[in-house]
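First chain written, first letter: the chains are A, B, C and D, and each begins at residue 1.
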Amino acid sequence: MIPRYSRPEMVAIWSPETRFRIWFEIEAHACDALAELGVIPKEAARTIWEKGGAAKFDVAKIDEIERVTKHDVIAFLTHLAEFVGPDARFIHQGMTSSDVLDTCLAVQLTRASDMLLADIDALLAALKRRAFEHKDTVTIGRSHGIHAEPTTFGVKLAQAYAEFSRCRERLLHAREDIATCAISGAVGTFANIEPYVEEHVAAKLGLKPEPVSTQVIPRDRHAMFFATLGVIASSVERLAIEIRHLQRTEVLEAEEYFSPGQKGSSAMPHKRNPVLTENLTGLARMVRAYAMPAMEDVALWHERDISHSSVERMIGPDATVTLDFALSRLTGVVDKLLVYPENMEKNLNKFRGLVHSQRVLLALTQVGLSREDAYRLVQRNAMKVWEHGADFLEELLADKDVTAALPEADIREKFDLGYHTKHVDTIFKRVFGEA
Amino acid sequence: MIPRYSRPEMVAIWSPETRFRIWFEIEAHACDALAELGVIPKEAARTIWEKGGAAKFDVAKIDEIERVTKHDVIAFLTHLAEFVGPDARFIHQGMTSSDVLDTCLAVQLTRASDMLLADIDALLAALKRRAFEHKDTVTIGRSHGIHAEPTTFGVKLAQAYAEFSRCRERLLHAREDIATCAISGAVGTFANIEPYVEEHVAAKLGLKPEPVSTQVIPRDRHAMFFATLGVIASSVERLAIEIRHLQRTEVLEAEEYFSPGQKGSSAMPHKRNPVLTENLTGLARMVRAYAMPAMEDVALWHERDISHSSVERMIGPDATVTLDFALSRLTGVVDKLLVYPENMEKNLNKFRGLVHSQRVLLALTQVGLSREDAYRLVQRNAMKVWEHGADFLEELLADKDVTAALPEADIREKFDLGYHTKHVDTIFKRVFGEA
Amino acid sequence: MIPRYSRPEMVAIWSPETRFRIWFEIEAHACDALAELGVIPKEAARTIWEKGGAAKFDVAKIDEIERVTKHDVIAFLTHLAEFVGPDARFIHQGMTSSDVLDTCLAVQLTRASDMLLADIDALLAALKRRAFEHKDTVTIGRSHGIHAEPTTFGVKLAQAYAEFSRCRERLLHAREDIATCAISGAVGTFANIEPYVEEHVAAKLGLKPEPVSTQVIPRDRHAMFFATLGVIASSVERLAIEIRHLQRTEVLEAEEYFSPGQKGSSAMPHKRNPVLTENLTGLARMVRAYAMPAMEDVALWHERDISHSSVERMIGPDATVTLDFALSRLTGVVDKLLVYPENMEKNLNKFRGLVHSQRVLLALTQVGLSREDAYRLVQRNAMKVWEHGADFLEELLADKDVTAALPEADIREKFDLGYHTKHVDTIFKRVFGEA
Amino acid sequence: MIPRYSRPEMVAIWSPETRFRIWFEIEAHACDALAELGVIPKEAARTIWEKGGAAKFDVAKIDEIERVTKHDVIAFLTHLAEFVGPDARFIHQGMTSSDVLDTCLAVQLTRASDMLLADIDALLAALKRRAFEHKDTVTIGRSHGIHAEPTTFGVKLAQAYAEFSRCRERLLHAREDIATCAISGAVGTFANIEPYVEEHVAAKLGLKPEPVSTQVIPRDRHAMFFATLGVIASSVERLAIEIRHLQRTEVLEAEEYFSPGQKGSSAMPHKRNPVLTENLTGLARMVRAYAMPAMEDVALWHERDISHSSVERMIGPDATVTLDFALSRLTGVVDKLLVYPENMEKNLNKFRGLVHSQRVLLALTQVGLSREDAYRLVQRNAMKVWEHGADFLEELLADKDVTAALPEADIREKFDLGYHTKHVDTIFKRVFGEA
């Protein structure tokens, strides 16, 4: 996470101020429950909310205390006590630091998830709008980078829409996975704190109680979360690479919006480069990389070790901020993408009719040729187009073996573009529920 | 995947024989649908099922044809035609190789998922049995590898049970993600094949139609699948490492079953090593590693490129076979694990009462000491135990500041082990729905 | 590693037969040294070489013994004893299994390194030949996929040559890193075996003695080895992707050789797909992935644990066999690559003179315009070419501000292609030492 | 990279101020060479050094310009021109942005390498000091976490010393790999700039000219660099995990230094946790993870794309700062490590003589028993120690089969600890060149 690739809302989730505020709320909610249970005075719980709630925590001062205690939660509690006064001794009763830290992380990750879900929603909206705009914009489909058969630009975007819809679903699962609360005390036995406290705090924070924590919330949850972000980032990369391909000089079927004043190159003034999508390719590599340490974090020793902590202090912000930025940037790219249907048409016709080869092949088998014979007939004419720039239809009509099998009108009929797009509506209905 | 770490049932899913059989079924189901639509004769579809269904495909022969055509599906179809006869020309009408390959992979991965789900179920059963067996076996909980407070061995296993229950849930999601069928022809436009064919084949194979394929089923599905296996492997690693820790000489609270005749070391006859769980640690690293190339596969070029294919030919079997083996091995380890409650008790008492320090701390704050004062009082006595092997209770009773604050009976009461295990039933109810 | 992507020579390194032969040699060399030291009878050492050397080890039988002992080296020694007779008791004196296993792995990895070095040499030879063949074949250089300025196809290949020369150097370092021998006994203290034995065996096997082994050879060596293979694989991927780009329909500046009989698509007979380089892209992802578990293997517990073993049983063959195959395949692709200089020229001229924009920019600053003014002048003409297909030279000559600054002859002179290739010889001399 | 795990010197390398200063120097050195060649006036080069050298670049202002131009180098040059005046038009002649960016990155990475080398040197010094201090401190060697045979604590540290010596060597190679300079203009052809300029700038900055750049310095160099950091981090992890093991309650052979005032747990005042080495375990995971995107960066499209840029903006600082911090923290841990030889002795004797089992085994084979018979004899006595806490020597002396084979004195002699440490000097001489 670096400012260049960050948006302030997501960054804010990870600020010390936010963290301390969440810590406070966890402690204060726990006090409410403890007061209900009669463990601490009700009055104390009220005081804690009032005085702590009004407090403006001094990050630098907490850091200073931590330099002595080498313990962040103790440093925070010491600072909090300055605001709350003598009732501060009722705070954190029976709790352990991880109760605060892990529940806080759950709150941060659910908030981050909600932002990422909103990001995906915005991307989906942009994709849908552009997909319908170009539902019938015919373009060549390519397999292996080689012209295959016609499709439409709308179908390309519909595929992206379907893919990000799946990403949304996965993110919902991932969010659910990390949305748990642990207030279970040392090694998670509730020895010094009633399970009711956990239930109360969880409910207040929109989390579920962790069924069995062992001081920490188990890290398979977080591994799944960050792995899911890695998969989403890979989908970002896919669409980014599609656009980079479409913008390359020889293809030029689409272009990132190029703002007035923008300079493509310090040396070459004609350059209009797909720098945003290239950037997204790199960012995707980063988000993906963060999945690995998250998976290695799972195998904590016994009831817990703290090796996960440094990892999460880094990838918590790094992964969510970078993916948030990437999704938002991708939405902007899709939204303003310059699309060139005339170039799509030009490219489609580059190999004079060759894209219709399969239809001819099928027609030949339908009239009784073996698959092998039909294949040979089509291929020998196709190769002339490929190698010498011939016109495929003309070659076929001049090939006696072909015309012996198929009447000219039938051959000509195979060169109709509409044939390829007749099921676009079907596809749109599947993806968008409408066409 | 190597024979040493493989089980035959999972390996069989990936054999050429299984693959060709699935290919045949896809083609034959498609023929049924094409016949229904009147594209090919009903009689032909019947013949294909009969003659192809009875065929014993010759893997070596198909390989030989492929060496010429450099195309695996064409090689198979050529071979299939030898069995089916002239009606073979009706096979694969309007389809593209990926329709066969990707749908086949979906079938293989769903079958693999079902085996892995059964593996997890067996593991869960073993964990549950042992968890209840040791529900009340008190053992020291450890954070940072350092004695913390008591818990029970059953709670440790309950946590593993809860973790693998989550893994099961994730695998179900992952299975659903890859269980789609694509029969959509070149670049996925259904130009040469009706969407009905896809729907028919999907239903027959227990899959859903892929909403929008672009010749290939999109690879974000597979990335999510293999990432999920990586997370499950990490949970395997966690439990394996727990057992390795418990077996180390100084701890010796549990041991892998050591069969008669087994030799621990060529040099040292007394060695009984946790080799199974060490092995699982290594296998987990492998399964985790396979998630990376699966994620890199997502960004195929345009409608498809074939870079994913070599990856999947390797990680398809490698990841599923290795995880299947690992889960099964782990189940065996759990099932036969030798547990030593007397060593657990001995270890628990190693630092003469120190595990009760927090209770004393809390009691001191309850009677009015500030948290800081209470912490100081407890810590100065704790350090004597830690450094000089003193008895914690005796030290506390000899500390006037402590006895001034707490009556002796109250202090003694804090050294009751049952205090720590009183919520074990609560935890078991959360995890197993019973206690 | 799967047969499809394997070459027999590299596979043979990892066969049980090879492994047992190396184990035998390690034991027999050690016996020689022990005999020299008077620890065992010289006659015994001779017998061991004679009878063991002539033995044909029965892999199935060794496996069978291992199923009982659960220890592979003991199983082998038991089997070996059947051939050697009573003198077998002198084998393995003071040694531990890891002495055999780790030294064997070192032998296998150095042999694998030698094959990989030969692979790189073959690739370098092909690259050099084609680079000189196309030293002066002008082609457009592209940054961001966008036409930039002219270069030559030879320079592209020279860059690949330089890159693989670096890979060769790295592989030499990596080979040196893993080429050590440990015969140091349990926990590596030489308590039961003299360091001289290690020195002797090392010298015989072309290895260096491991300065301090702790029963095992430290795994940072292997991590570095597999990480290096990952980097080499990434270079394979780079060249593969370059070729995939060059082959795409709209570019078509080069093509993989397409053999007679080869079929590009079951559906579309005109397809000639870059399937080899797509395949290499996937294989690169795999080799890269193996670096991760190798790095995780470094942190073995105390003097050793065996978690690395399962990883190495898999990635030892997987990484070396796959990279060997990939390098060899890439060499074939380069060797037979079809290059189309006429298409390179056509593409170069696609934007009628625009590639010369920078030269005009520089000329304008040389005659006194500020960089910003010059940039503006050039860009406004460049945009007409880009957007309306104008001819860049004509536009410049029609722009009064331009002609006011530069005489027509000077402007025309900036459109000379030779200007861009004048330092190709310099580059070739740097890379090949000749031009 | 987060402040918590950062040291200011390494962070400073990556500050905008440092970057702009390096950019300036690259440009100014290039101007010197251009002036020598007569391309620009000598006077201009002098002015550029004087005015630019004295300039204090305003990062905020450069950022502001970049927001319009969307190009960082152009933004910088525009800002630089404000200081330099009209002669600014002679700056950057014939160069492209990447010449500046990539050469700057090379300077930053070499500086970072030098700091990391110094870090390793400091670590090596600490390891050597402690290794000699504990050369003869006997401790049990452990394989699989199980007691094996005695070694010394000094040997453990000698192994770490040898490992980090290798890491040093690898880092030197990696440093050499990235220490190249490219001043070759658009697509690297030197069309607009003489190779001499590159040679001059390289020499001034302590770099080598890049033999063939294609606008960018090839990224296999950076991949190798970051992969090497990943391996070094894995070695950090190994030593960290060793210390974590030694500090666990049941072992307690060593402890991280625990400063006065430090608090181990908010709940349990007796806790002294290995938090520094746990932290290092996490940091190692991060540094390792950064190797992956660096490897994916290698395959840039054609002459270059900019996908590597975002990755490097992140992992450049992240990997170097984190590893610098980790090495420094590890040095501190080693330096102040509390070592408990009496606990080492206590642990060693935990299984009453069992560590000497192999010597007895060997003695039995030396007097003529078959390996299998000797193994059985030893194992049956060993198992009594293991399972019932018997004394190994007493059991052996009471076993008639044993005493029939070996006289009592010979058996007793096998229980001498000095036997195991007799080659410690040999090992030290190998590692340190002295003992």
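Note that contacts are C-beta pairs under 8 Å (C-beta built on N, C-alpha and C of every residue); 3 or more make two chains touch, one makes a residue touch a chain.
Every value quoted in this text rests on a predicted model; they were computed, and no experiment measured them.
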item: Interface residue overlap between copies subunit C and subunit D, same or different (over half shared); value: same
item: Chain pair with more C-beta contacts, A-C versus B-C; value: B-C
item: Distance from subunit C to subunit A - Cα centre to Cα centre, in angstrom; value: 32
item: Distance from subunit D to subunit C - Cα centre to Cα centre, in angstrom; value: 24
item: Residues within subunit B bordering two or more other chains; value: 77, 92, 142-145, 148-149, 186, 192, 244-245, 263-265, 267-268, 273, 275, 278, 281, 288, 292, 296, 301, 305-306, 358
item: Subunit B partner contacts - residues on subunit D that touch it in the complex; value: 140, 142-149, 244-245, 247-251, 263-265, 267-275, 278, 292, 296, 347, 350-351, 354, 357-358, 361, 375, 378-379, 382-383, 385-386
item: In the complex with subunit D, residue positions of subunit A that touch it; value: 1-2, 4-5, 68-71, 73-74, 77, 92, 95-97, 185-186, 192, 244, 259, 261-268, 273, 275, 278-279, 281-283, 285-286, 288-290, 292-293, 296-297, 301, 305-311, 313-315, 318, 322
item: Footprint of subunit A on subunit B - complex, ascending; value: 77-78, 81, 88-89, 92-94, 141-145, 148-151, 155-156, 158-159, 162-163, 166-167, 170, 173, 177, 186-192, 195, 209, 211-212, 214-215, 218, 220-221, 223-224, 227-228, 230-231, 234-235, 237-238, 240-242, 245, 281, 284, 288, 291-292, 295-296, 298-306, 358-359, 362, 365, 369-372, 419-424, 426-427, 430-431
